[in-house]
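Down below is the structure, laid out as structure tokens.
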Amino acid sequence: MIRALRSTVVETVCIVTLLASSCAYAQLYTFSKQELIDYTSKSPFERFPDGRPKVPDSMIERARDLSSEEVWAGLHEDGFKNQYADGFHVLYPGKTMVGRAFTVQFMPRRGDVDEISKNKARDRGLAELTNQTAIDMLQPGDVLVVDLFGKKVDGTIVGDNLFYYMMKATHSGGLVVDGSIRDLDGISKIDMPAYFRSADPTPIGNVMLTGINIPIRIGGVTVMPGDLVVGDREGVYFIPPQFVQEILDRADEIHIHDEWTKMKFDEGKYKSSDIYSSPKDPKLQKEYEEYLKRRLDEIRREQNSK
Amino acid sequence: MIRALRSTVVETVCIVTLLASSCAYAQLYTFSKQELIDYTSKSPFERFPDGRPKVPDSMIERARDLSSEEVWAGLHEDGFKNQYADGFHVLYPGKTMVGRAFTVQFMPRRGDVDEISKNKARDRGLAELTNQTAIDMLQPGDVLVVDLFGKKVDGTIVGDNLFYYMMKATHSGGLVVDGSIRDLDGISKIDMPAYFRSADPTPIGNVMLTGINIPIRIGGVTVMPGDLVVGDREGVYFIPPQFVQEILDRADEIHIHDEWTKMKFDEGKYKSSDIYSSPKDPKLQKEYEEYLKRRLDEIRREQNSK
Amino acid sequence: MIRALRSTVVETVCIVTLLASSCAYAQLYTFSKQELIDYTSKSPFERFPDGRPKVPDSMIERARDLSSEEVWAGLHEDGFKNQYADGFHVLYPGKTMVGRAFTVQFMPRRGDVDEISKNKARDRGLAELTNQTAIDMLQPGDVLVVDLFGKKVDGTIVGDNLFYYMMKATHSGGLVVDGSIRDLDGISKIDMPAYFRSADPTPIGNVMLTGINIPIRIGGVTVMPGDLVVGDREGVYFIPPQFVQEILDRADEIHIHDEWTKMKFDEGKYKSSDIYSSPKDPKLQKEYEEYLKRRLDEIRREQNSK
Amino acid sequence: MIRALRSTVVETVCIVTLLASSCAYAQLYTFSKQELIDYTSKSPFERFPDGRPKVPDSMIERARDLSSEEVWAGLHEDGFKNQYADGFHVLYPGKTMVGRAFTVQFMPRRGDVDEISKNKARDRGLAELTNQTAIDMLQPGDVLVVDLFGKKVDGTIVGDNLFYYMMKATHSGGLVVDGSIRDLDGISKIDMPAYFRSADPTPIGNVMLTGINIPIRIGGVTVMPGDLVVGDREGVYFIPPQFVQEILDRADEIHIHDEWTKMKFDEGKYKSSDIYSSPKDPKLQKEYEEYLKRRLDEIRREQNSK
Amino acid sequence: MIRALRSTVVETVCIVTLLASSCAYAQLYTFSKQELIDYTSKSPFERFPDGRPKVPDSMIERARDLSSEEVWAGLHEDGFKNQYADGFHVLYPGKTMVGRAFTVQFMPRRGDVDEISKNKARDRGLAELTNQTAIDMLQPGDVLVVDLFGKKVDGTIVGDNLFYYMMKATHSGGLVVDGSIRDLDGISKIDMPAYFRSADPTPIGNVMLTGINIPIRIGGVTVMPGDLVVGDREGVYFIPPQFVQEILDRADEIHIHDEWTKMKFDEGKYKSSDIYSSPKDPKLQKEYEEYLKRRLDEIRREQNSK
Amino acid sequence: MIRALRSTVVETVCIVTLLASSCAYAQLYTFSKQELIDYTSKSPFERFPDGRPKVPDSMIERARDLSSEEVWAGLHEDGFKNQYADGFHVLYPGKTMVGRAFTVQFMPRRGDVDEISKNKARDRGLAELTNQTAIDMLQPGDVLVVDLFGKKVDGTIVGDNLFYYMMKATHSGGLVVDGSIRDLDGISKIDMPAYFRSADPTPIGNVMLTGINIPIRIGGVTVMPGDLVVGDREGVYFIPPQFVQEILDRADEIHIHDEWTKMKFDEGKYKSSDIYSSPKDPKLQKEYEEYLKRRLDEIRREQNSK
């Protein structure tokens, strides 16, 4: 529906060209293209013009079979134990969300900071920074990740019109908001995954947009622009790009392992501990290893043929 | 199922004729027909014999397309910011509830007040006031709105039998209870919207019915008998009758606006801010205004033809 | 401090004479003097001009030694299990609050009801009903009991100035509010017990005063005007007047019992179960009974001599 | 998926033969076969080799039509008011769970107790007690009931592989865990009821298995091995075996009563209180009694013919 | 005050001789003297006749200077990270509680188990097991640690009479209850530390005593009989006896370190990082080491002279 | 006590000279001296070398008499409604905290960002950024304001040693942490105000320091470096410097008003509404105005004489 109020905004930018890489946003928290590149330098992938790592589309497709547990298995090394957030309402519990993090941060409105930001913008001939400024920058494959510090009333990042636009612009990428949404009835008819804390009839207000594609916090996670976002019905993982390949490969093995385990259980001859988590009997162990190798070959061949 | 316990009740009434308007309830909180008429005097509509405003059936039908956000847009003026309650379990998230508020209030049981009430009733030859007294007064198009102060155990306003009766009597009007229900499995098979705080196997007890069709509080809302109750998957709005026409008309425009906005997004040529919340380009603005006029005419014609 | 906002109010009254008994308040919920007398007819005590039962001052004094557990022991019969509320912040944990309930009810503001109330009042030449209307009616020995439905922001019944006035007017009676207070720093220096849900810097607002000295709900309790309010560091009991004498008498016995029990424990010769809850050894039992009789006589004599 | 961590365990057992009755588990809390038989001696049914009462399969089938309210009606006598637990996530809200309780208890890991337990086990030539030890003992018709003291992180009793095994081993009996599960996406595709507090990507850890088929606590309920577990969309009842027959018989009457009540409501001639909870008109009362008798006969005949 | 209700109990015992070691309690969970000795075999100290480890009185005295942080520093090795519980109301925030754990476990009452237990007891000519049975077994230096599964209403382990008795019997040892207490006003005048979840006017009821001096769970901790219980204003540590000596010695060093650190800060010449957590300047480092040695010698001498 | 773990840190800086203004911190969020000056340009006061506004010491002294309500009255204009945070544990409820905000932000640790930060620092020859880096920069009159996103375990900004240092360095300025502290027993003996979410025995860990003297969020407030922080027993206000003078002047009037109001109440002749919030009787009004003028003169004279 028509948003009756305007979100409070901070500062205008250069002319918002798509992915304009040379444009320093005049937002409260600055994080330059070079800083973004530096802090994500472990990513092995190419980048967007603005410096964001670009996990390849093929990996995004493969990641649609991932579950939280499979990411956990591949990401539980020291230093990366804080990449999971849950406690969200999940719009489509049966559908995995996968995409590249596009981050936005809001803070509580404060008149002086807000006014100074707007003056700065006006002096440079720029327009206000609003939630739509960010939304208009979204690319296919993006998941919009928004820190609205859990705000419910006046903390609604989008209603159904902008959610519809996002669906078109991101090719059904997705939304994670530590805050709320509005028009839940309308949004429930639009085919894009969403993770949100609550729904409310009020439009966004009494906040300032303080950063686009800067590091943000969602629950207990530090999210970086370009992280691979994977959401299932439990919660959301934010995967640093450098781990994506390994997690996907490991997940293939887990899939095969689970396939074989259930096949053996179907035979009805074994206790669970005979088979799981690994077969005790050396003959079974060998059978499993051959199965794993054969299926892995099949899967790799299929992946390569795409 | 059979209610094994009786709800505690307060006081008998005159012979409970349907909508008996001259009958002063001997309940703890009295609110006469004249008081009801006075306090709802802004309603432009006809009234039930008991004084309750009667929003017309045609408007109830039109209201089935409303969402919380559309009510918000039409009701956010000063003095009416407290008309929304949420935090309920919603029985049918995809189905809008619309109807006229029939209010009931309970309070914690207290032996002396309860006994005196019953004596008063007996002296006048009346029967006890129970939840069924109220339920038996429901009319087609009513939504039963019950203040049970959030009670879970012993705070169940109905089970499946009475819920079934209510569905028949109100023509699937609805139920809002700041308390609980029982027989959720049975209720889940009955086609009437319901908003409740929890479900519990216990029957209602340890409470007194203290008022029927008096002003009550649900969450942060003062609900008046005859309010138009609109529930979607987010929560429930209680709309004073005098706002209904305007909200409905405004909602028609919002529907058209959203229709047009999404059509333009489908074209894939625009940024969201080119179109939403209103088109920037004067040509687009004109296109929109013509579209709005044409569609509004169609809708009005259709509404009038009914 | 100066209250910067006015609480929203409902309706003016007759000239507010002290305890004016013939004056029907034009408040949303009416509860006439006769209704008040009827519903508290079990009270054996005299009444205020407005009909409120008046538990005698001498009993209020005796009640200062009561604890929640002693009230529990005297009030746990069927029909009176809902007379206790807790979960409050307690201003003076070591000081028992005792007094007669003076009740006030607020509801969420609603523009139409509010406006009609004010018009009704104006038509009769009356002033608005505010929190100060109620506070100005307080008598020595009263405890102000306020239903503000748990409101924190804009739900502050008093700040330090009105709290100071209340202390003077009630002779340090007390305050129970299911809502908040402001000026906690100032209030902490004023010698009157208070039980409140929270403290907040905002003044009261966005509410309507809907009843003075009507039945109200505090937590899970139905409070009647004139109830004896007893608060200790655990919570608050609302005692119907007809139980006061019995509870006080029983409490005397409990005090003696506890005195004797601890004396015996001090001897260091007994297991707890030899003595408590009643002595097992017939000789000890006899010793206890004689002690009880002697001490009870002393206490009764002392009480009568006052 | 593959469980990457091992649950911490306590103590090995004899050779885990299926239902081995003579084998005293060397777990922290011992509860011998004789103790189990003694404490469930009111059960009228036969027993498993390990002493657990075995509610007959035919009753399990009949119990699939039970709701929480019907159990409530048959179990609300003094001493059995604590047999209901709720607040769970319900995997299949529309599907009743019925089965015999197989209980397991965990406690927070403590290095010294854990080590001593393992040494005890090793000295006797036994293997560790893990969640799989318990799962491998499950029988057709069992519901696994697990006290994991509400643990979320590291408190996941099973993932999809073991849940699949349980489904096979219990013939879709069910799971109740006061703790969490993992692989919710995978589990959602497996046809077995489950009640759990939360879902989490971590495997079980930092706990010790302290008892199998001992009395355990789930919420406010003391659960005994062999209890009939009945879960609907509200919560879970744990029914002592001695009450099963009576509850089932009573439920048949309730079903008929509700059937008849709704039929009468369908006629549209009655107020709810004319019919419910029992018909007021002697003629209707008689009609109902005849209906009840006839339908009961039909049902009994049908039950006997099975 | 007089406890008006009796706690529900389970089973009688032998004649309750003080610390009677040969007496197998007929409680629901059995844990024999030998089991207790086995599972606490790492304790280097002597034992009570019932097998409980007896941390020496001298160490209890030294432990009165411990804080949670000092225990943390000495107990944070793998396998002992779950020994801390908080979230309690603390009766005396400024006073450290130290003593030997005497554990008691309750479970929700269940009529059949309760009845069978009582019959078992009667058959052996024993009395009921109540909270007083346990309290009468307390020794000087004991802290009563009670699992009442967080129960508030009817979950009050003691009132002021029994608390007074406990103070006498344990020489002001202490109380930790995952449940509630009553008579808080009375208890507040008695000189013994207490940690409790809530206070309530009801007496204990609707529960069964299921174990005395068995392993129990308090929050996330597995507590063993004989653990050294240390409570400060943050929470409670349960220290396995084998760690006590080391923690005390380490705490002496921490005390000296903190003493020296603050002395240096008092000089006003240093940044915090020059001094803390260890001095950077080698000269300062040497100064510190000499100070540590000298003070440690003093302390050790003082300890030995006692 | 000795901190056993090191807080995770981000990046080294230039040589940390006191208030070094030319030194760009290599922290994750950069906020240059010029940005700080720009965004606080409304401050009428002089500045620290690093650009932070410096509310004069004399105003800090005057502010010690402020309460939350007095700040509310002076700060409630549009755009500044979000400057209050509560829900803290308050170390010294009777003592007002006043000082200049020195802000620090932490985020959840993430191995790649942390490593890159450290490498950046090392390349420039700098040391790690830890909580001590920030603490060592504190000036007399500062209040350390820390965003630790509500973390309890591993979220303790200081223990008693660093708290002691802070007390010395800030001259008892104060601490506000949206996180926890440790050594609460030790801290309770040190004379400096503190507002914290919880206390825990663990040291800080699993976090990265991401900004010093940048804009941060505490609850619903955007805090700027140099804000005047005022804490009373309710909560904490963060006052932009440009409002300080006006709030202080207004507070003087409020103090006089309250003084006079209570004096009149002491006379016992008036209802509260005769006097409060302003006197109705013109004569009283005049009396008040004269009183106000006289006392204000006295106060101003006194202030000037300092």
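A, B, C, D, E and F are the chain letters, set down in written order, and residue numbers restart from 1 in every chain.
One rule holds for everything that comes next: contacts are C-beta pairs under 8 Å (C-beta built on N, C-alpha and C of every residue); 3 or more make two chains touch, one makes a residue touch a chain.
From a predicted model like this one, the values you see are computed outputs, not experimental measurements.
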Completion exercise
Output for shared partners of subunit A and subunit D reads B
Fill in the blank from the handout: Equivalent interface to A-D (more than half of contact pairs same by residue no.) among E-F, D-E or B-C is E-F
Exercise for the section: Please name the chain that ends up farthest from subunit C once chain centres are defined by their CA atoms averaged. Expected result: A
Problem - Interface residue overlap between copies subunit B and subunit D, same or different (over half shared) - result: different
Handout entry: Inter-centroid spacing, subunit F versus subunit B (mean Cα positions, whole Å)
Key = 47
Exercise for the section: Please compute the C-alpha centroid of subunit C, do the same for subunit E, then give the distance between them in whole Å. Expected result: 39
Completion exercise
For the pair subunit D and subunit F, the C-alpha centroid-to-centroid distance in angstrom is 54
Exercise for the section: Indicate the residues of subunit C shared as contacts by at least two other chains. Expected result: none
Exercise for the section: Based on the touch definition given at the start, go ahead and assign the chain network to line, ring, star, complete or other. Expected result: other
Practice task
For this structure, give each pair of chains that are touching.
Solution key: A-B, A-D, A-F, B-C, B-D, C-E, C-F, D-E, E-F
Exercise for the section: Provide the residue numbers of subunit D that touch subunit A in the complex, in ascending order. Expected result: 1-4, 130, 132-133, 135-136, 159-162, 164-165, 168-169, 182-186, 188, 199-202
Practice task
Using the touch definition up top, name the residues of subunit F that touch subunit C in the complex.
Solution key: 67-73, 76, 84, 86, 93-94, 96, 232-235, 237, 254, 257-258, 261-262, 265-266, 268, 271-273, 276-278
Problem - Residues of subunit A touching subunit F in the complex - result: 28-31, 35, 38-42, 77-83, 107-117, 120, 149, 206, 208, 210, 214-215, 217, 220-222, 224, 240, 242
